[in-house]
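The same chain A turns up in both complexes below, where it pairs with chain B and then with chain C.
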Partner chain A sequence: VTGSPGGDMQWCFSQVKGAIDDDVAEADIISTVEFNHTGELLATGDKGGRVVIFQQEIENKNQPQFRSEYNVYSTFQSHEPEFDYLKSLEIEEKINKIRWLPQKNAAQFLLSTNDKTIKLWKISERDKRPEGYNLKEEDGRYKDPNTITSLRVPVLKPMDLMVEASPRRVFANAHTYHINSVSVNSDNETYLSADDLRINLWHLEITDRSFNIVDIKPANMEELTEVITAAEFHPHQCNTFVYSSSKGTIRLCDMRVSALCDKHSKLFEEPEDPSNRSFFSEIISSISDVKFSHNGRYMMTRDYLSVKIWDLNMETRPVETYQVHEYLRSKLCSLYENDCIFDKFECCWNGNDSVVMTGSYNNFFRMFDRGHRRDVTLEASRENSKPMQVLKPRKVCTGGKRKKDEISVDSLDFNKKILHTAWHPQDNIIAVATTNNLYIFQDKVN
Partner chain B sequence: MISTMECAVDAQSLISISLMKIHNSRTQRGGIKLHKNLLVSYVLRNARQVYIKEKYAEIYRMQQYEEVMTVCNEIQELNPLDLEAEDAEDEEQARTACCAEEASACGSPCHRGAAHCRAAGTVAGCSLLEDGCKEPEPSYYRSCCMEAPPAPLCEQCPANSSAHCNKTTVLDLDTHVVTTVENGYLHQDCCCDALQCGQSAQSPAKKRKVEFGCCASDAEEAPDFTAARKRAKREDCSYSAPDYTDTSNISNLISIFGSGFSGLLSRQADLEQICSKQALASLGAWTRAIVAF
Partner chain C sequence: MEVNIEARRILAVSISKLYASRTQRGGLRLHRSLLLSLVMRSARDIYHSSRESEVLSGAQSAPEEPMDTSSSPGEQTRLPEPQPEPQPVLNSTETAPGEPDNTEDGCDSEIIEDKENLSPAKQSRKRRGKASAAPDFLPSKRARLEPGEERYEVPLGSCRAGESLTTLSLNRVIPAF
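Up next is the complex of A and B:
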């Protein structure tokens, strides 16, 4: 499984996908990254509504140094821009989330969602095709029936591999507000979708109805104080899910308790430090992502400045807190003006829950080794993209004299942000999305 | 309590930035983002709270200043004192000059008037400013501590002698006697001539430098004040004959000021009402903006 802990690990550049030029087309901005359950497939979604799936070359697995070569497997247009005529609103095609279903047969299934509609896609391979039709020519033209004198059985002949993506289900019209999360249940039959104020429970086979299980919309919208920011099912307990809020709280709900889970079973909240109070306290405490650990005993939350690990048995405070970029606390005003303070960073666990990772600015991303209490800052950039080049740890100078190789806070490029990262479920391979490029790094094999 | 120190942008700017964001969100592609606008409304609320408190404190100070100025002007007609040099280099003296209060009572240079410190200390807004203002402004102090409040006001002052004058030197323009007051005790120093007028290093007249921040009405007061000062000085320098002072008037004034402006506290409730109404009225538009959203 995963090798040595993050502290000893060295990370190497493996691949980068995407356009090289600095002029970024808005449609190419990556909006979600997700490995499937085996790690063989890596899916990305972008602002243009496209899904690109990369597949790990199995043949190269025998050569360890090339084991993580991911090549394009399938590309398809998942969502198109729509117009809601009733509200005169345009619905963005941007893919907010992709979640893979566990594989049941030869085909792969994933859920992709934009702000309003969730779709179930089937990705299947075709490497044979029938030849020898009776009524059709090879090019598809119909034969003149009068010329047919005999019958034969068409034969399947091998062909070049073709990967097809087809929409199998469309789950629409169930969300008034913008969908921020989807999560597949461990029962492999249901999944939840969450928007700002509601969470719905779906059956994967049924598209014309869903159950509303959480509704935090107040009777009077002027009394609105918080919204749902993320939701996820527990990895093993199919009755349990959590949702995070803009107020920095996480609620754990048990669907066995009642049909409507407005009342939480557990409320996770850390009291605010009054000495840190500022104009922006509410913004920076808003949780942008919540993820269960693989073993189901912990969950991780990301707010603007930190990552917190919670033990599901302790609601009063997190068991671990990691500062991602505390040096930004004195810059919150500027970050508010340029809207960066609203950036929603995601976070992820490694396969054995020993290391967590999240993104930052200047194309930096951070890893926190929980066991060894070590953290490292790395950079995804074209300058460090020679094959198998080892990534050098980066350091941000927070004050005083700037050492060589350090970068000062004022030199950080806030347009280069890493919001989406993913960790291979079993290996030390990570996918890091900059604005429009996808970087794949792997640990150095000694 | 919101710490404003980390931000170079003040509450007012934040309010306008936030409103702009809310306005822009209405035309953004994909519809209004509820989450983002909710967060912006929190910033708006926080900024508004700070702004209201600041505004309230300012209005309160304005009210106090106007009252004190009225008092000063009335006294000046009775017993004009020389207000010494225009030179405001010695700001330390300016701070200690308040005969009613010790300067240390008004540690924060944000305070507009040393004399207001004790009274204003009970005002929430003022204390907020103490907390919030971490950048010391040049310690200009507005002080008319040599002037007594008019008699009616004095009667309201309780005999609160917790405030001491350190050392106050006054020059009686009529008698041209320099008098130093220490801890409420009077020392008659010497007769003053025209030269000494300008050289007195202890001159508390430097206290008279007035701090006018963003308060428009303060600025209007300033020219009159300065003019009055200059007028007094010119008059003084033309005299040369020393004389004995009639100390009884002065001692009365000083003992009255020794009790501080606590008499004004009785009017605080009224002022609060006025201040809050004024402040809130100006923010009505913002309230509507948030509610409407």
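Up next is the complex of A and C:
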């Protein structure tokens, strides 16, 4: 059920989660957003180390125009701040990534990670409790055994739904540098974690060891020229993964070739346009996110100014390039001074790989329809948050006369950035995270 | 000439960011440090090559220009780092005050002049280690050495020392881990 976002489809506000307060508490800053494989659950992680999971309510068949809402399902503290005594360093509790495991039984599992430690969380429901113990009263007090004259089988009685989150595995002490990615393998048994210089392969059941599969640390750190910025397993081929670098390259590795995948099978790189060279060319070519398409034939990369789609069979250049906010190219020096140039934007595919989405500044986010060659800029703001309000496309004026409803580049608020977005795997429902709010939009159904 | 001034400014901003990142929560970020060092290297190369051509042509370097104060995205967000300060080497041929920085609002702008001619009262006596401490290339406090690092001794009052200091800072960024 996916159409094109440009002409026929319109996006409507559905819900917004989070404080209305303009004064943002640092712990509430959203740092990751992820739908599970069915889209029924939506998880967010924040700088305070908390995970909040929303669940989609069962669709109201009587009112098909109102797609079901997402309500809080579970909240838990995933990571706490820690201190590395050896290096005298504080380890932030900020959740860098959440990845869901495909569901195997009644419980849900997800991996959440901060800079150093990955945890496997089990989220399970309890809606029944046993009643009628032989040795205990209902309030828990033990009965005098002499008063028991007969045996009965305890009965399960319904109770108010309780959702419990418990840490089932803790994968620690495997990363010297800061973890930027985790990715679950399609074999459902292993996963990878990547930091600036190394990628490790784990088995979900085994916490006391991991295999190092990529190591780009030079013998002499003074010779360091690039770091790993993101990594992901192929959605179907359990032997294949990719990792992106700060130099704008992507390497595809095949784990069957050798135990250590330092040597890539494919290297994806686009030669730099010499006319665009500046002090900041290296920073803006650094890839901040890499995502395989659902069908596994393409991958998408995000650098500071653009989104690129690569065909896995062509290493020389991307098959498509979309400019997210090209008007910022002339402002790079200011963006360097205010640190915005270091912002790491993520990107995502829709369910059938026909549309890609990424965030920008001023709480704008962009969608690119690959098939129809259309793009749109939308805004996540409280002003446009009436139920089912249709979002009006926004436009940034790049020079010359500013038309009505356009916003000039100099008026953009660079404090309001959308770094994290997620698209429901099957439906046209998107989750867009502003600094501390989560917006849910859906397409207008007729 | 404009490129020269731009390069200097970028260099100053980069160095202050580098020093600020040492006190950041979560420790030094390798990726960020790498990117900063790449920018600094470009800026330094351009600065030095343009200075060489200046020296060769015998021209005076341009008088200090105030920072660009036209409305820019930077004004809307606070600079999280301390004031960028010109290094001593940049001002070695001039006695004019250092560039006032107007991109920060709400912070006092520190004006550091040529260290040789500075009156004692104006010299910064701040202890290093605070986030607001000024980047100071003349080591007033000895930094803790990382394993494998060597201590570089810089003679006080040497204008040209700045060159090797810049080299020092770029090469030493990464092994700080």
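As a working rule, the second predicted complex is superposed on the first by the 429 of 446 C-alpha atoms of A that agree within 3 Å, B and C clash if a C-alpha of one lies under 4 Å from a C-alpha of the other, contacts with A are read in each partner's own complex, and residues count from 1 in each chain.
As a convention for this text, a contact is a pair of C-beta atoms (placed from the backbone, for glycine too) under 8 Å apart; a residue touches a chain by one contact, two chains touch by 3 or more.
Fair warning: this is a prediction, and the values are worked out from it, not measured in the lab.
K.L.:
Mind checking the superposed model to see whether chain B and chain C fit together on chain A or clash?
P.N.:
clash
K.L.:
Looking at the overlay, does A:92 come into contact with chain B only (first), chain C only (second), both, or neither?
P.N.:
After superposing on A, A:92 lies in contact with both chain B and chain C.
K.L.:
Of the two partner chains, chain B (first) and chain C (second), which one does A:333 touch, if any: first, second, both, or neither?
P.N.:
In the superposition, A:333 touches chain B and chain C alike.
K.L.:
On the A-aligned overlay, A:37 touches which partner chain: chain B = first, chain C = second, or both, or neither?
P.N.:
The answer is neither, since A:37 touches no partner chain.
K.L.:
Examine A:297 and indicate which partner it touches, taking first as chain B and second as chain C; both and neither are also allowed.
P.N.:
Once the two structures are laid over each other on A, A:297 reaches no partner at all.
K.L.:
Which partner does A:410 reach: the first (chain B), the second (chain C), both, or neither?
P.N.:
Second partner only.
K.L.:
Where does A:372 make contact in the superposed view: on chain B (first), on chain C (second), on both, or on neither?
P.N.:
neither
K.L.:
Figure out whether A:178 sits in contact with chain B (first) or chain C (second), or with both, or with neither.
P.N.:
In the superposition, A:178 contacts both chain B and chain C.
K.L.:
Give the one stretch of chain B, out of 134-142, 242-250 or 278-286, that collides with chain C after superposing.
P.N.:
278-286
K.L.:
Identify the overlap between the chain B-contacting and the chain C-contacting residues of chain A.
P.N.:
Common interface on chain A, chain B vs chain C: 87, 89-92, 94, 115, 177-178, 196-197, 222, 224-227, 229, 246, 279-280, 282-283, 286, 333, 336-337, 339, 342.
K.L.:
Considering the complex alone, what residue numbers of chain A touch chain B?
P.N.:
87, 89-92, 94, 115, 177-178, 180, 196-197, 222, 224-227, 229, 246, 274, 277-283, 286, 329-330, 332-333, 336-337, 339, 342
K.L.:
Mind pulling up the chain A residues that touch chain C in the complex?
P.N.:
Chain A reaches chain C through residues 84, 87, 89-92, 94, 115, 176-178, 196-197, 221-222, 224-227, 229, 246, 279-280, 282-283, 286, 331, 333-340, 342, 409-410, 412-415.
K.L.:
Could you please specify the touching residues of chain C with respect to chain A in the complex?
P.N.:
6-7, 10, 13, 17, 25-27, 29-32, 34-35, 38-39, 42-43, 46, 71-74, 76-77, 79-80, 103, 171, 174-175, 177
K.L.:
Give the list of chain B residues in touch with chain A in this complex.
P.N.:
That would be residues 1-4, 6-9, 11, 14, 17, 21, 29-31, 33-36, 38-39, 42-43, 46-47, 50, 291 of chain B.
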